[in-house]
Amino acid sequence: MTHKTFFAFIFPSLLAMILFIALPIGSIVVQSLHVEHPRVLVEVENCGPFGCERETRVDTAATQALQEAQPMGQFNGLGTYFDRRHLATEEVSRIFSDNEGVADIARQMYNLPFYKALSFTLVYTFIVTPLGMALGFSIALAVNSIPRFLKGPIIFFSLLPMIVTPLVGSLILFWMINTQGVIGSNLQLLFDDPDLSLRASPLLTWVTLIVYGVWSMAPFSFVVFYAGLQTVPSDTLESAKIDGASRWERIRYVVIPHLIPLATFVALVQLMDNFRVFEPIVGFSAEANATSLSWNIFNDLRGQVDQQYSSAAATSVLTVFGVVVLLMPVLVRLWRDFNRKA
Amino acid sequence: MEQTTVNRRPLLLSTTSSLFLVLWLIVAAFPFLWTVWGSFKVEADFFSRENWQLAITGLNTIGQTGSAFTGDGYQGAWIERDFWKAAWNTVIVTVSVTAISLVLGTLGGYALARSARRYTLWILITALVFRAMPHITLVSGYMLPFFEWNVWGALPTAIIVLVAINQPFALWMLHSFFLSIPKDLDESAMVDGCTRFQAFRQVVIPVMWPGVITTGLFSFLLAYNDFAVTAMLLNQDNQTMVPKIASFLGTVQTEGAVMYAVAAVVSATVPLFMLVMFFQRQIVSGLTAGAVKG
Amino acid sequence: MAEIRLNNVCKRWGKVSGVDNFDLHIKDEEFLVLLGPSGCGKSTTMRMIAGLEDVSSGEIWLGDRMVNKLEPKDRDVSMVFQSYGLYPNMTVYENIRFPIKVRKVPKELHHEQVMKAAEMVDLVDFLHRKPAELSGGQRQRVALGRAIVRKPTVFLMDEPLSNLDAKLRVSTRAEIKNLQFRLKTTTIYVTHDQIEAMTLADRVVVMNLGRIQQIATPTEIYDNPANTFVAGFIGNPAMNLIKGTIESGVFSAENIRIEGLPSQHSGPITLGFRAEDAELKEVQNAINAPVYAMELLGDSSMIALMVGGELINIKAPKDFRAEIGSQVSIGINPSHCHLFDAESGDRLSQDI
């Protein structure tokens, strides 16, 4: 295919990606280096019947004019990155110089919004991914050995948690685990504690969100692993049988090695998806006890009166950085594969 | 499965595995069934302070409406709160996003599958990185320019943004589907007298339908399930279902109309149910196509 | 109807060379076969003629047009692909009609032309079927029919028989030969199967590693291979090649000694002879070696011997029998021997 035809074909798609993915990434970098204009204050003399007094007021017109002249705001360098809402370098160094042991460091760090979000995002990503894959694999093994006519319906119901809108799915679960919902009230009965609420403590909230994550992520692993199980070479399985391998040994030495490439793929996709965890926090109204990087950005942008563009942009840049770090092993491998082929 | 002596599984193993499956099915399906059931009750039953069994018996529902089931939640959400408008917006957004994504994606995916040059790899790698970007980070890049250009809040804006966000995925998936179509096909068409585009249009696309349908399903799901983009980029009038539900959460709880939200949630889930029912095979093949080629 | 000229055509991918300095003149109405092992550049050469690959340097002329920069559709060629490239969504009739349809041949002529082509490839009964409902041989004929539905300058065939079973291959081979004779269209045919090459070709181009090894008629290639590659590639079994030394007309190596060869060469040399050119008889100046293996082929017996460190084949009468390990003596007429340079493998002159 000539360069000309190639670019003719790919141009619309490329243009869309450049305009609405590449440029916004550039745009957040620029925005993160700026900060909103402070309001222009004027001092006016207010004279009334009881004499004059000086008063400071916001000059709306001037603020507006400044805003229009420089819509980005004023240049702030890396200031936003290091402020209290992000990397909080000052606070962190203070915490490390003045603390009462590791637990205290953790507690104090958790009070900083960025680290609070980062810790939950990472914990969520690295717990949900392996658990979801393990659950998915178990389901795949179990489904693989049931009569054919049952497989269709089981796959149908298994797909639901994955396909459902994340916000909707988390709401559905939230209403059930609510103290007034079916699971919540039964848990209260079970533990004989009328005040038990899964939303009360950070730990329980985290556990709830992680359970939701595994619930919604397992189906994907299940489907991929199930498809992989269909392609396990039967010759190898049969020779393993003749060689005297037990059921478990056949899974361990034939099936699992066959599925490893699939597992890497699933792990990659799930890491990417879990890292942007966001909707469940909205659905579970969990922001008091757990926030994520994506949620922080959302929260900055949602402000009705003045949106914190710079703050959102700085968190975004840090998030993008995290994504690239997560993807690094894959990118390196793709690159190496291609060079080996060439 | 034929139960020959060779393939017979120990009783303990098969029982455990069946029990496990039943348990998983309950975990996977029960929340949906429960919520669908509950959406026809009144709040005092579904969110009962005294006894969760009220949701099953529906005592309060009978007391308040005279019958064990009520459509009050649906009526409230769809008519009183204009959920129909959000549903209509969702139809516009998802249909447009799917159609435009497929047009751009098939063209680009075809080019990527048929060119062996080095830059195809770069485009695919870049697409992979873009695919991993949390949508909300991109949204924070749009907000300011969109306000400046005065396009914030309109449906076409959200559509174009969703198309772009969906492109990396569509490119990867269609690219791998095109790779599975033998090159001989377009080459014989070109020798037979077609231009590259005619070969693509008349010969390749007609045999690509399975891939196009599968990719279309996933593009639809992306647009349908999106919250970050639609919640931030659409104004009150143009809201689609998902952000509408989110905005319900803020208002209904205080007004004692949680059942509106429950009804809206169930309404938004029904199309997905149908989708899985009719296209289960394509969804499964789509999920695995990415895995095998990826 | 036209002649084809390839002037120093090269194909490179970065630093890798696929086809190197391919120079060839194909006469009008000629049936030319490109023969070589896989990866030798024969398909690439054909794809460059079709316009499916760019030419890195050199010129391709179809008739009086230089086609280097032309799209495949503008080159007026038709091509049969190895996997046929049939359009699975169209019926046989639509498949055959496709080339004339996209080339905007007047509609009223379509039916007649399609029917004529279908008759020639014997597909009239299958016109309404989809390719998936046809057997391998029928699909192959659809591809042929699609190629002949119009009158192109040149037919290109890329291993068209390799997906057929052995029996069908023989009959289809004959059909292709007959079709080309009737249509008188210049044809270039790519194959790795030397029997196809020998039976079909007016001339054969033997290629290896992107280079032309020999261009000649099938008989010439069989009788006078230009180098050890051609000698070892053509014939079944291939020519026996033995490394040894020659001194004043006498070739010698382990278990072998042949006198009466041309005397102008001396030093290391490769000697070649065909299995059927050896005779089983007690002579002094020939091969004396133990039998390594015996193969009974029905019409003859094949004896394998270890000579000069190589396994060689000797064709013996069908009733010949020998135990493995027993000594046999083989005589070879020096006039049936071929001499090749030990280094380059090129044929050495045989003038005595």
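By written order: A, B and C. Residues from 1 in each chain.
The rule we apply is simple: contacts are C-beta pairs under 8 Å (C-beta built on N, C-alpha and C of every residue); 3 or more make two chains touch, one makes a residue touch a chain.
What you are looking at is a predicted structure, and each value in this text was computed from that prediction instead of being measured.
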{"item": "Graph class of chain-chain contacts, one of line, ring, star, complete, other", "value": "line"}
{"item": "Highest-count interface - the chain pair sharing the most C-beta contacts", "value": "A-B"}
{"item": "Innermost chain, taking as reference the mean of every protein Cα atom displayed", "value": "B"}
{"item": "Inter-chain centre distance, subunit B versus subunit C - centres from mean C-alpha coordinates, in Å", "value": "55"}
{"item": "Chain centre separation (subunit A, subunit B; CA means) in Å", "value": "18"}
{"item": "Whole-Å gap separating subunit A and subunit C, where each centre is the average of the chain's CA atoms", "value": "61"}
{"item": "Multi-chain contact residues (two or more partners), subunit B", "value": "none"}
{"item": "For subunit A, residues contacting two or more additional chains", "value": "342"}
{"item": "Subunit A-touching residues of subunit B, taken from the complex the two chains share", "value": "1, 6, 9, 13-14, 17-18, 20-21, 24-25, 27-29, 31-32, 34-35, 38, 46-49, 51-52, 55, 103-105, 107-108, 110-112, 114-115, 117-118, 120-121, 123, 125-145, 148, 160-161, 163-165, 167-168, 170-171, 196, 200, 221, 224-225, 227-228, 231-232, 242, 245-246, 249, 261-262, 265, 268-269, 272-273, 275-277, 280, 283-284, 287-288, 290-292, 294"}
{"item": "Subunit C-facing residues of subunit B, complex", "value": "182, 184-185, 187-195, 198, 202-203, 206-207"}
{"item": "Subunit C to subunit B touching residues, read off their complex", "value": "50-52, 71-73, 77-79, 81-89, 98-99, 102-103, 143, 146, 156"}
{"item": "Contact footprint of subunit B on subunit A as seen in their complex", "value": "1, 3, 5-7, 9-10, 12-14, 16-17, 19-28, 31, 71-72, 135, 138-139, 141-143, 145-148, 152, 154-161, 163-168, 171-173, 175-176, 178, 180-182, 185-186, 215, 219-220, 223-224, 227-228, 241, 247, 262, 265-266, 268-269, 272, 275-276, 278-279, 282, 285, 293-294, 297-298, 300-302, 307, 309, 312-313, 315-316, 319-320, 323-324, 326-327, 330-331, 334-335, 338, 342"}
